[in-house]
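Same chain, two partners: chain A is paired with chain B first, then with chain C.
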Partner chain A sequence: MNTNRDRLRHTLEASGRIDAASAPLLDSQLAALCASGALDVVLDLTEVTYMSSSGMRVLLLALRRQQAAGGSLVLRGIPDRVMRVLQVAGFDRVFPIEGELPADGEHCAD
Partner chain B sequence: MDRQEVCYASDRASLEPISEFVAERARLAGLDEDRVYEIQMATDEACTNSIEHAYDGRSAGEIIVCCFVDGQDFVVRVTDFGHKFDPDLVPMPDISAPLEERDIGGLGLFFMRRLVDRIEFTFDPVSGNHVEMRKRRVSA
Partner chain C sequence: MVSTVLIDSTLSAISVILAFLALGFFFALIAALRRLGNERRVTGELRRLYAFGRELLETRLDLDAVCQLIYEYCQQVMPAPAFAVQLRDRAGALYCPLAMVNGHRIELQPSEHDAQLFLLLERTGEPFVLDSRDPSRRCEPLPIAGLTASGLYAPILINDQMLGAITLQSDQYDAFDRTHLSRITAIAAQAALGVRAGMLLRQEQQRAAQLLLIAEVGRKVAAILDLQTLFHDTARLVQQTFGYYHVSVYHVSDERKSAILAASSDPVIEARGLAVPFGIGLIGHAAAEGKVYLANDVLHNDLYLHEASLDRTRAELAIPLRVENRILGVLDLQSDNVQAFTDEDASVLQILADQIAVAIEDSHLYMLQRQQSRVSEALLQVANVLGGASSSLSESIATVVELTPRLVEVSWCLALLWPDEDRVPMLQMAGFADSTSRELASQLGRRTREQVTARWGGQQHLVTEAPQDMAAVCPVLAAHTPFLVVPLTAHESIVGYLLAGAGDVGVLAGQSVSLLTGIARQTSLAIESAMLYRRMLRQQQFENEMHLARDIQASFMPQSLPQPPGWEVAVEWKAARGVGGDFYDFVWLDENRLGIVIADVSDKGVAAALYMALSRTVMRSTALEGYSTARTLQRTNTLLLQDSHAGMFVTMFYGIIDLRTGLLRYARAGHNPPLLLRADGLSIETLFSPGIVLGVLDDPEIEQRSTVLYPGDELLLYTDGVTEAVSPDGTEFGVDRLAEAMRLSADQTAEQAIMAITQAHQAHVAGGDQNDDLTLLLIKRKPVAQTRDAS
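Take a look at the complex of A and B:
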């Protein structure tokens, strides 16, 4: 009996604009990954140029889905401008994030 | 800089061309790339609200995006002719709440308010919903 089995990490790479038009596709990709039994998922955002609240909603849903399945969702390679927006909404406190964070916490209108 | 106005279908596929239009106008108005990103995102959220709420996802409506410069401000005005959007009825998201308590909605409006220097919502049964967002062209 293998009680110490490796948990494979599945990486999904997103790219381009993640807005209300494209967020449903990302959502279905993440849902399909979860349904296929992937427990630990890494979402690589290196090539993402923009993310709106529609995309952030998809991230939040995916995190809940993975956690409900006993797994995890890690964000990786978040571009600076996307990161600042995630920080404004407090997502950096909710998501495990791999990689460097921008030095200044936020850069938005005061 | 000239005032420019473009009319788009109330379709999610319009979001990218709207974003490109606003970015082009914002750069012409002298905004740096961080500010361009912020006004683009605020506009994207406003147009998403028009499509998803004012028009209930129907793509047969019109969204008019108007960009101009007013003194130190770059101004984007988004108009739709869907039903009345009342920002006061949208609860503000609790961004400090733990994950399991987080409401998934309200974030779009939250960003619109956070990303611009001034925002004003008006509604008229004939002339529609207007959202006017002002972003200072250079940081104060």
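Take a look at the complex of A and C:
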């Protein structure tokens, strides 16, 4: 996982399987990024091959953390397979996805 | 014991000498009678000579008394203002036991001139008279102050061996004539026996005294167990007792092939130290060969090695210190007199050397034993500390670190270790000032195992000066060189380091190193067992938690399956080792309407199991209130959100079947959409409906939809553990394979179908780890024909 700092947005690239075993590592990276003062975070999932419910839980925690800090979390480059999992769980409506308009205003209004 | 034997031998020597003396007087009297023969004075002189002989006997062989008697007798028969007796000792050196001038005793040191006179007397074997006026005489008169006019000289002879000479001098010319010559001959002959007896006795006495002293030195030396003190005291005692110019003791180093100076009677030389290679000088030869080397005139000896600080040395005796065949060292004696050592001295001093050697050997053994017992005692103490069952690892390490400076005599000790996967090390130290300890803690307390291991590696080593990178990592430690670094290992990998430092590098060698290594080894063992214990404890804790979670989960599963007429219900539920939060449920809303629930909590472990229990209870009670499926899920969501559960959520599918009509109303909250296989056994519908997982959003959008289950249709509810299970080559089982397995078992009963689907799933996974829960719930509306048969 790499972190690139743009002017304002901080991009974190995740790769491989995000399951019960690897989810805590992603969680600690996202938490560290938030703690370092990054408000707007982009999580790039291009290289992710699998996302379990543990992984989704980490994304959810990160979203809440960023929102609590007054920032945001945006997902980028979601592979189809991961997208299907997100859609099944309904998370495609929870996470802002780069390049898409928010599916429903209520989720991102706050 | 040595001294007793010597005294005995001395006494027997005395009696032999006395017997000889008595016999000697008898012959001497006869000789004197013959010589004096017809002379008229014979009676008086014989009487005096006889009295002289008797008195000589009564001197009890005291050399001084013998000389005194000779003097007195000479004064009676031929008075002269100057008188001297000069003798030659065993080594050949001249000495003067008695010299008298005008009735007063003076001290006289024999000169080169005396030596020439001696040679003359020895050659002639007869007394002679010298006159200072006669230039043809080869010898100057004796240098007795002012008495230079004439002299009478007589050899003291026994069996042609010259013991010494009697000298009479006068300040008058022609003071001595032929009468005097014959008288002095008689006196010298008479005196010779007494002198020889006296000299022998004195030698014996000297030797006895020497042996007594040696016994004394030997006894003192034997009592010293500390090697350095032993060497030092030996040199000092021998020097003081025998009055040699310089005495030194060397120990032999086979490694360096040298004799190394261990002690010297001269503190300056001792402090400076000296190493003599084998085969160099007398000492080097004695050390290499174990034989006595003697140079009685060092200026004319090729082996002698000149030592600038011992300029006065004229004779040297190097005696090996041997025990059995081993050469332990060399006792070196140097005298400022030429011919100082006789063979007898050498053999007598060899006795002393042997005693010293034995003492050295004893001391070696004692030191070795003491070291060994100290080491084992110290290690025992450490073992006791580490083995203490009541204390934690960090307490044990702290005690060991406290104990080490006392056991090893280092000034400080420090243990830095990473007993767990922790990045923060455990740090214990002793022997530092408080401020230093704080600095060390702040500098070392942040270092990871990788950082430190990269620097110190896996070998024990001595750090004498801090390299640049070390100064950067821990400047305080870099300022505390030298110190020894001993790795601590557990399970064959480095888990930390034990450091011990002292102001002097010499302390960090030999015994200290083996002691520190021993302490480190024991500490390593303790760390290893502590790690094992912790791991076991953690594993146990984990197992316990998993058991608990499984128990919780299982206790919330329905005890039995509903069996409504015209319908078949079958379930396959497998909890994974890690335990997910799968559950299913059936809710009878009334006699015709059956609620079906399948759900999956997002996490694992006890927390997930408890969340599952909560979800199930909330869901069930909400369902019983009779709301629509979507509304039920929404209300459940609201209730779940009231408790915060650290991002935990649950996916859920809820369907209500009207058993009479087959109408299915359903809603989905992020759960995998169920599959509906129509009676034709081919077409499959996916019951997708908009809806997000429960426990995330305040007001989730969840829609209710409906469909109808006709006879022969079957509905399969499942969790992601089914579709996401992967084969060994990483392929997911997936929805398509699941659907295919349904089709293949379409004509079977629900029970058979679910078994077939499970088998297909297992075949795909083929022995791979099942790392998620797996739940399959199949509801089949019996085909019409079967229904008829049944009813």
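As a convention for this text, the second predicted complex is superposed on the first by the 91 of 110 C-alpha atoms of A that agree within 3 Å, B and C clash if a C-alpha of one lies under 4 Å from a C-alpha of the other, contacts with A are read in each partner's own complex, and residues count from 1 in each chain.
Just so it is clear, contacts are C-beta pairs under 8 Å (C-beta built on N, C-alpha and C of every residue); 3 or more make two chains touch, one makes a residue touch a chain.
Values in this document were obtained by computation on a predicted structure and should not be read as measured data.
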First (chain B), second (chain C), both or neither touched by A:Gly90: both
Chain B versus chain C as contact partner of A:Ser53, first or second or both or neither: both
Touched partner set for A:Leu73, first chain B, second chain C, both or neither: neither
Partner chain(s) touched by A:Leu61 [first = chain B, second = chain C, both, neither]: both
Intersection of chain A interface sets (partners chain B, chain C): 19-20, 50, 52-54, 56-57, 60-61, 64, 85, 88-90, 94, 107
Chain A partner contacts - residues on chain C that touch it in the complex: 578, 600, 602-604, 646-649, 651, 669-673, 690-693, 696-697, 699-701, 720, 724, 771-772
Chain C-touching residues of chain A, taken from the complex the two chains share: 19-20, 50, 52-54, 56-58, 60-61, 64, 85, 88-91, 93-94, 104, 106-107
Touching residues (chain side chain A, partner chain B) in the complex: 17, 19-21, 50, 52-54, 56-57, 60-61, 63-64, 67, 81, 85, 88-90, 94, 107-109
Contacting residues of chain B [partner chain A, same complex]: 12-13, 15-16, 19, 34, 37-38, 40-41, 44-45, 48, 51-52, 93, 95-96, 98-100, 102, 104-105, 107-108, 110-111, 114-117, 135
